[in-house]
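Below is one structure, written out as C-alpha cells; comments come after it.
We call the chains A, B, C, D, E and F, going by the order they appear; numbering starts again at 1 in every chain.
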Amino acid sequence: MKISVQINEGPYQHQSSDSAYNFVKAALDKGHDIVRVFFYHDGVNNGTRLASPPQDDRNVQQRWSDLSKEHNLDLVICVAAAQRRGIVDDGEAERNGKDATNIMDGFHISGLGQLIEAAVESDRLVVFGD
Amino acid sequence: MLHIVNKSPFEKDSFTSCMHHAAADSTVILIEDGVYAALKGSAVEGDLSKAKVVALSSDVAARGIEGNIADGVDLVDYAGFVDLVTDGNGVQSWV
Amino acid sequence: MAGEIKQFLYVNRKAPYGTVYALESLEVVLIGAAFDQDVRLLFMDDGVFQIKKDQNTEASGLKNFSPTYNALGDYDVNKIYVSKESLDERGLTQDDLMPLVYEDEDDDWAEKSSIKIVSADEIRDLMEGSDVVLSF
Amino acid sequence: MLHIVNKSPFEKDSFTSCMHHAAADSTVILIEDGVYAALKGSAVEGDLSKAKVVALSSDVAARGIEGNIADGVDLVDYAGFVDLVTDGNGVQSWV
Amino acid sequence: MAGEIKQFLYVNRKAPYGTVYALESLEVVLIGAAFDQDVRLLFMDDGVFQIKKDQNTEASGLKNFSPTYNALGDYDVNKIYVSKESLDERGLTQDDLMPLVYEDEDDDWAEKSSIKIVSADEIRDLMEGSDVVLSF
Amino acid sequence: MKISVQINEGPYQHQSSDSAYNFVKAALDKGHDIVRVFFYHDGVNNGTRLASPPQDDRNVQQRWSDLSKEHNLDLVICVAAAQRRGIVDDGEAERNGKDATNIMDGFHISGLGQLIEAAVESDRLVVFGD
C-alpha cells in the first residue's frame, strides 16, 4: 500500500519524529511503499546536519538520512516552514543571502504542494505531531 | 477509521475529544504519552469502552506501565500499528 | 491517480497565535485549493478560536492572519464546519465568528455563508466520510 | 506569588491545576492562549473566583475576545505584567 | 549574593519521553546540585510519571534516563515531593514509583526514602515558600 | 530589580519567544536590570542566523540580536540542548567536527550552570515555555 507521513515537530523536543521513524521502518519491513516523508512546522528541524547529540542517545537527524539512503526515501522539508526556522540548502542560501547551509544529506527543500500531492497519490497519510 | 492519540488524557483534551467523536466501530491507537489513557483505575478509564482501544507496546514499556493497563486494551507493536493503518478505511491523528 | 477526486478534511483543533499550527495550516489549505479535490474545513475544540472575529494583533507584535480566512471563498473553499459543542463550552455563538462567505456560481453568484454549525454526530460523519484527514 | 498561565484551559490542564494549587491571595496572569480562561460564560468561568485573575491585554486583543471577558478580570499591558512580577514575593510559570 | 542560600523548587508537571522536558529538567537539577542552594523537587500532574518504576525503552529506541533519578540522593537532592491527588487520578500509588532513597549523614548514614507524598495544601505551601521556581 | 528570563521554545512554533521579548523590552523600559536571557530546550533555535521569515511578519531571531546590541543583553544558549538540535558556533563546530556554524550575532553558547547562576543572582526568574 502507498503511505505518506507528515512530521510536525523537531527532534528530541517531541517524540513525533521517533514515532514516525519507527512507523516508517515497520511499514518498509512489511513491503509497503513510502511515497514521501514531509517535514512541516518545527518538523523541518529534523533536517539539520549540525547536531551532535550525546553518544549514549539515538541520533534522530542522522537516522532519517541513513534510512533515506537505504530505501531511497523522499524526505521533503517545507520551504516556507524552513525559512521561518533557518533550515537552508545551497539554493535557499543563495536566494536569501545566507553565508552557510545546514541541511543534512538525504533531505531536500520543496513547496507545500508536495504534501497535498503525497496525500492525493497515497492510500494513507499518517500525521505525527505534538 | 483508525484514530491516533499521542497525548496524555490528563494533560490535553485530545483523548477525550477523540473518544467523544469517534464512531463506536472505530479503533483508537494510543501512542507516545497517549498510552497513559490506558491506565487501570484512572479518572478516564470509563472512556475506554466507547471504541476499540489498543496501545503501542514499546511506548507502554518505555513508561513502565505494562502492569497497569486496563482490561480490554490490547498491546500492538509497530508492525501491528502499520496493519491498523492499512486496514480499514482511513486514519486520523488527534494532534 | 490523475483525475481522482478525494475528500480532504482539515481538522483544526488549536487556537491561533499561541502556536503556529493555525497559521501554517491555513497555508496548506490555500496551496491545497489549487489541487482539484473536495475540501472541507472543520473547526472544533480550540480551533473555533481561529475564526473569532475582531482579532487585532497590533499591540502583540504578532502577524494577524485572520483576514485570510475571508479569502477562502475566493479559493472555492466554502464548506466550513464549526462544532456547536465547542462554541458552547467556550461561551461563544456563531455571532462571535467572522462571517465567512462565498459567491454561489450556481445561484447567480449570490453571497452565501460558508459556515455550518454541526453536532458531534455530524462531525463523526464528516470524519468517516473523508479520504484524507489533515490534522493541525 | 504571581502565577503565569499561558495555555488554553480547554486544551491543557495548567489553568485548572494552577487555580487548584494557588493560594487565595495570589495573582494569576493569563498570557498567550491562557487568556481564553477569562471568557465569560465558558465551562471554566467558575474557577476565576479562586484567586485574583488578570489577563494580558495584547494577547486578549490578538484573539479578538475583548468583548467576551468575564467580570472581575482586569486587563494589564506588558508594563503591568512586569510590575506584577516585581511586586509580591515570587513568580511561577505553569508551563 | 555570595553565600546566600535560596529555596529552589523544581516543578515537574510533564510526562517523560513524549517530550524532552523531563530529561532536560533532570540535567538542570544535576548541574544545580553543584550550587549550594536548598533544592526541592515536586512531581505533580503528569510529572508523577517521571518516577514510575519499571521504565524500559529498549523497543522504543528512546534513551532510558529513569535510572538517573536514583542518583539524586548522592547529589544531596533528597527532598522529593509527589502529589497524592495526581497519583490517585492516574490510578497509581507510591508502590508504583521508584524507591528513591538517600543516606542520612546525621543518622549514621541510614538509608531513608527521599519521597514524601503531599496534599494540594502542602503543594501550595511548598510553592509559597520558594525563592526560585523552575518549571518544566 | 534584577530579572532573568528562561525561554523553552523555538521561534514561530510557539509564542513563548515573542512573549519573553515583549516582557524583556517592557522590563528594560522600566529600568530593571536583565541579568540574563537563557535559551533552553527548543529555545536554542532562537539563536540561528539562517532564518528568512516572510517580509510581512516579525523576525523573531533578529529581534533578539538587535535588542542584545542595544542593551548589552546576555543571551545564553544551553550547550547540551544546542548539541541535540544543531545550533553551532565556531568553538562547537571545531569540537564536533561540523563544517558550518549557524549562530546569530549576540548569542553565545554556554553551560546549564549559567541558568542556575542567573536564578541565584536575580531577584526573579521568569520562565516562558509551551
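Everything that follows uses one rule, which is that contacts are C-beta pairs under 8 Å (C-beta built on N, C-alpha and C of every residue); 3 or more make two chains touch, one makes a residue touch a chain.
Quick caveat, the model's predicted, so the values are computed rather than measured.
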Any chain that touches subunit F and subunit E:
A, D
If you apply the touch rule, which chains end up adjacent to both subunit D and subunit E?
B, F
Mind checking subunit A against subunit F and telling me if their interface is mostly the same residue numbers on each side, over half, or mostly different?
same
Determine which of the two chain pairs, C-D or A-B, is joined by the larger number of C-beta pairs in contact.
C-D
Length of the line joining the C-alpha centres of subunit A and subunit C, rounded to whole Å
27
Cα centre of subunit A to Cα centre of subunit E, whole Å, reads 35
With chain centres defined as C-alpha means, what is the inter-centre distance between subunit C and subunit E in Å?
43
Multi-partner residues in subunit C (2 or more other chains touched) are 17-20, 45, 60-62, 132-133, 135-136
Taking each residue of subunit A in turn, which ones touch at least two of the other chains?
8, 12-13, 15, 22, 41, 54, 57, 80, 84, 125, 127, 129-130
Please output the residue numbers of subunit B that touch at least 2 other chains, ranges allowed.
6-7, 10-11, 13, 32-33, 58, 77, 90-91, 93, 95
If I apply the definition of touch given earlier, which pairs of chains qualify?
A-B, A-C, A-E, A-F, B-C, B-D, B-E, C-D, C-F, D-E, D-F, E-F
In the complex with subunit D, residue positions of subunit B that touch it
10-13
Complex contact set, residues of subunit C against subunit B:
11, 13, 44-45, 120, 123-124, 127-128, 130-133, 135-136
Considering the complex alone, what residue numbers of subunit A touch subunit F?
10-13, 41-42, 45, 48-54, 57, 61, 80, 83-88, 92-93, 96, 98, 100-102
Considering the complex alone, what residue numbers of subunit E touch subunit F?
1, 4, 6, 8, 19-21, 24, 27-28, 31-32, 34-35, 37, 132-136
So, in the complex, the side of subunit F touching subunit C is made of residues 12-15, 18, 21-22, 54, 56-58
